[in-house]
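Listed after this line are the structures, all set down as structure tokens.
Okay, so subunit A shows up in both of these, paired with subunit B first and subunit C after.
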Partner chain A sequence: MQLLSRLATFPGGTHPPEYKHQTASKKSTRIPLPEKLFLSLQQHTGAAAKPLVGKGDEVLRGQMIAEAESNISASLHAPASGTVNKIGKHPLPDGTTGDCIIIEVDQDNEDEKFYSPFQKIDSISSEQIYRRVREAGVVGLGGGAFPSHVKLSPPEETNIDTVILNGCECESFLTSDHRTMLERPKAVVNGLRLIMKAVGAEQGIIGVEDNKPDAVEELDDSLPESENLTVQAVEDKYPQGVENMLIYALTGRKMGASLLPADVGCVVNNVSTAAAISDAVLRGKPLIERIITVAGPAVKSAANYTVPIGTPFEHLFEHCGLIDETKLILDGGAMMGTSQSDLSVPTVKATGGIVALNQQHVNERQEHPCIRCARCVSKCPQKLVPTRLARLVKARRYDEAKDLHVQNCLECGVCSYVCPSNIPLVHWLRVGKEKVCP
Partner chain B sequence: MSKEMVLQTAPHLPAEDSTPKVMFSVILALIPALLAATYFFGYRALLVVTTCVLSAIVTELVFLYLRGKNLVLTDGSAILTGLLLGLTLPVRIHLSLAALGSIIAIALGKQIFGGLGHNIFNPALVGRAFLQASYPVLMTTWIAPLEHWTDNALAATTTATPLAETVEAGYRELFLGNIGGSLGETSALALLAGGLFLILLGNIDWRIPLSFLTSTAVVGGLLHLYNPGHPDPLTHLLSGGLMLGAFFMATDMVTTPITSIGSWIFGLGCGTLVVIIRLFGGQPGGVMYAILLMNAFTPIIDRYTRPSPFGEEGN
Partner chain C sequence: MNIIAILSMAILGALFALGLAFAHKTLKVDQDERVEKVDDLLPGADCGACGYAGCEAMAKAIVEGKIKPTKCPVADEETYEKIADLMDISLQEAAGENVAVVLCRGGKEEAKSAGEYKGIETCEAANLVGTGGKVCSYGCLGFGDCVDVCDFEAIRMNENRLPEVIEENCTACGACVEACPRDLIEIHPVERSLFVWCKSHDDGATARQACEVACIACTLCAKLCDGVEMEDDLAVVNHEKTDTCDPGVEKCPTDAIAYK
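Here is the complex of A and B:
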């Protein structure tokens, strides 16, 4: 019951099984480099990056290989040294096929080409932070892959007073943010301070779901003595990690679907993004690798791995092992992940976890008619009426669906999950969104 | 690594609940009321209910066949409709009438609209309203409870239902069920137990019984103060089909609002209408008509209580 909970949260939502125990307590490790890395030119929100290298070029680890030409775009760097094999089409985890720079990895070359690190946070200007984050190709690692430098330069007329770091990781199976907070709390906190400095905010809050008390403690210990920086536990509830839900839980400010966090005085970044920003500024390291959770009942050695961007899924599974009964491979967790047919797809910057499931998770249950139980209505974090919207979209009454705000849907999947009739509600809402605002 | 992988849309977690589970939980919650009915009215109570359930199932199957649908009863809704209808009938009703009511409930109450999830009115109450309109005397001939344990069990003794004649039955009798009436209406205790079970499971919306019962007590109480000749609130609460209606009929998801404000309005409307019909109406069955009337308002309640999207409340 809502009344009994003392922790901050949002109205609605649900609590699917977490399945995090499999990987949460294991320290992240590395696996050998793959033979080839596939770097999509379009692995962020915005315009594709423009290649700076051509076939046969030698590249060093950390070297920029594609450049952001417009503001909303992100540069790419070679995650390992080697030779450009070609630039060509390759299947991607979002189900499309797109242009990739394919690098043949030179396993023995340990040279790297990083930027020169800044020494002290206090002596860096906000302009320097912005430029470094932009040239390092940092994007939101929580899944959105929105170029981070854009968030660091909010429009003039907005007044940002709070920077929020998102350490909720409410999605099932995934623990990569959790491991980042445990293993690199200083980098997370430094990232927070850099973002605050860049946007001129006075307050910084790290929101962590209360199922990760160890992360709360680690971060708390790493915070400098300052009243402006806090770690706050929020209720362990899905989808707590969605931007506007977290802003509401931590500040009480309501961000409608047509607004940006800046409109309510906030900037929100994922904890792993903060660590990447810290790496870019204080270590000169571009975004070339990240922690990825490989988990699920079909994985033999589930754990978190530090993986170069562009690593093929099949390479990960060669090392982690898949059982014969594997039925589903997801880019992401079980609530929002995209199922994959081709395991040659590479990880992208936004890939935080890969989940392998067996027959138990294949949805072959019968779909029953809607009995108007209203669970989707009471649980929808955006306070939409999914059952009605699904019906309108099925009937191709898109104008009416628009009037009922189908475009506000977060695609979190709560409606489908709680539906006792097994109606793929979020699927229909996605179709509706596509029709209403293509 | 060349295995065939399944492609499916997210989420990939099995739902925590299913429609058949919801239906069967309601059926389970009605078992105490059914046992109480059997205790107070004898085995014929079981016979009546079984007749209703069986004819509901047969009618459902016939309609599914005619509509070219899968002949599956896995959703359990037809069984539930039969059971609910049976519990609203008097024990001495002729079995053919029980069967007829059940056929009408499924056919006109549900399948005509397109089956489960599409009906406007509570199917069991449609069946019951049909019987009451067509056979008013038979439907309101009650026998005194526990009569069946004595030798003259077959001599139907007619007693009035409490509210029809405002018989001064003790609250205790009303609460436990030792009072004449329809099968499932007698024991408020058994219905309360089943209702609370469903609320704890989260399978019915607690707002509806709460606002239904509260508004009955308040409106009934005000009218009692105005004219002490009217029954007092507790008698209102414990008699007739109120408990059965409030916990099991007014909470039928298909025919009640989907918003929480809508649920409050729905319960409030039911409670007010019950008292008005009971005190000023011409025939018994206040609960039934109150719920059916409010069922008709459900679409409009839904329309005007639709929630504003998160963060856009003012717009």
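Here is the complex of A and C:
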């Protein structure tokens, strides 16, 4: 009957080609370490971390090298042993140049400095989980890079009853979350249990898009019988992985634009984040590496790599190869990825995939006038009117754009994707957002 | 009877005449005759766009020096000139003693490109995409939002993709200052001439790589001249203290500090 009934989902959205076959079945592998790692002090939402090391200092894999000074910030740890080459500016994947701790990697040093692991989930207090996640520098690995410990300590007045793990991975090309669920289902489930324990929730749901039946099965097998944990398949539709969309699909609770998940009793984390939380608590391992998908038609041999944070993009491409006609390289998937102009940029904690496209896959069609088809209106998951908003922003009528809630735009890019006139709607909406709430 | 009537009328008339004469002497308001002339020159649309109730009110404010003639958005250049003549001031003074100054000289010739920017061709939009086409994340984006918002044709893009202020036209209204997402435009008194033509707070090595005319934070000018100060890897002229720095201008390795 499950097959005949409609899968849980949200209204609106679209279904761009997935292109996941290239890497979905490729087990994540390790590649030799790069000569240098570049660790941005600002690779999370919130305040920059404060360096604890200086030029010439020896660091061990797992050693804290920069500390979070305020609550909304995240610490950094050395992803490999080596020597601090310098602390200086380096280009970053968001297009800016920022302060980085640059570590010259000592390829032969295999020493590690992890935290002492906790043995059993049952005997850990929620305070211990919070502190460990905080000191291990775990952030949201789905792309937002929001410090995870903040999510583990919701405000007192909220009553969290459900923890949701996001295994949708609705972006084209990316399979790193998929691989995490397949290769480390136990860690994902343990992470879920730890988060539930930390926030005091009774229910845990892992939402996975139904284009990954193998992941659903694998997770199902790993769930302990006794607890109130479920894995639920949701329709594969973009942007299913956005918090409000997933909460609605799985619980039917509607999140207003100004609300936080906690206000509807939910905490949402990515499956990879859950695995990282499990590593931090049960293995004492800080967030120093993650699975990254390197894919796209311009990549010679697409793959999933387990790479240390701070690996330069060019180092990854040395291993999987780029065709000469590469047109566009994105940090992230084809819908929301940021295009790169400099391949010396390092991966950051939030980098889940790198996509390289050739000419054929890059839309350079000319923009035409709006034909009022309202495709953007019907597909917008936030129920905005992108075409009207774009026209208002273009005319610098920001007050009216604010009245039409331009600030609620998720920047998912569905409007631009479905527009038959190739109007860069999401870009205009971003301009409007910047003007309305800088 | 007739005589009484005639006399009483005459006396009344004389009394009223005295009253009027007295009122004329004591209650007289001296009005600058230029107000009327300026009022005649103004378009007479009474649109209120200048912020005053009508053209007469604005004429009065102009004569009193409260507002510059160029603040009338309806009048043309010729009118501004005539009013300036009438007030015996130069057009520049008529336009206000302040002008906009664009503090970036890294055009497409000098600033290194970070790649091809493809997207909406406005500075606002480009500013949201990484560094917006140039390596320097502080410099001019070159899409001319400032030109679009200027009502006085006082700013134009040159061949080097940098905005140029046409000082004669500039009314220092500040629209370009608002429009620039990189905060590169400032309003300064027209006679000021010493500026650091760069807003990059990058350290020396990074700035040098990004642009040939960037301030590379060598601190030379700040050491040579009192009134030039370093603020977070950028030399800044403190105009309260100085408007000259000949040795600094001469020695600056990138010509970032220079006279207008």
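Basically, the second predicted complex is superposed on the first by the 432 of 438 C-alpha atoms of A that agree within 3 Å, B and C clash if a C-alpha of one lies under 4 Å from a C-alpha of the other, contacts with A are read in each partner's own complex, and residues count from 1 in each chain.
As a convention for this text, a contact is a pair of C-beta atoms (placed from the backbone, for glycine too) under 8 Å apart; a residue touches a chain by one contact, two chains touch by 3 or more.
Computed from a predicted structure; not experimentally measured.
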Should A:E434 be classified as contacting the first partner (subunit B), the second (subunit C), both, or neither?
second
More residues of subunit A in touch with subunit C or with subunit B?
B
Does subunit B (first) or subunit C (second) touch A:D57, or do both, or does neither?
neither
Considering only touches as defined above, state whether A:K89 meets subunit B (first), subunit C (second), both or neither.
second
According to the stated criteria, A:E67 is in contact with first (subunit B), second (subunit C), both, or neither; which is it?
neither
Applying the touch criterion given at the start, work out whether A:K327 contacts subunit B, subunit C, both or neither, answering first, second, both or neither.
first
First (subunit B), second (subunit C), both or neither touched by A:N422:
first
Please work out whether A:S341 is in contact with subunit B alone, subunit C alone, both, or neither, and reply first, second, both or neither.
both
Looking at the overlay, does A:K254 come into contact with subunit B only (first), subunit C only (second), both, or neither?
first
With both complexes overlaid on chain A, does A:D106 touch subunit B (first), subunit C (second), both or neither?
neither
Both subunit B and subunit C touch subunit A at residues 338-339, 341, 424, 427
Residue numbers on subunit B that touch subunit A, as the complex places them:
1, 3, 5-22, 74-75, 77, 115-118, 205, 253-254, 256-260, 306-313, 315
Given the complex with subunit B, which residues does subunit A contribute to the contact?
10, 16-17, 172, 244, 248, 254-259, 314, 317-318, 322, 326-330, 332, 334-341, 343, 357, 360-363, 365-366, 368-374, 377-378, 381-385, 387-388, 404-405, 408, 413, 416-422, 424, 426-427
Would you mind writing out the residues of subunit A in touch with subunit C in their complex?
88-89, 94-97, 338-339, 341-342, 364, 424, 427-428, 430-431, 434-435
Give every residue of subunit C touching subunit A within the complex, in rising order.
114-115, 118-120, 122, 124-125, 127-131, 135, 137, 202-203, 205-206
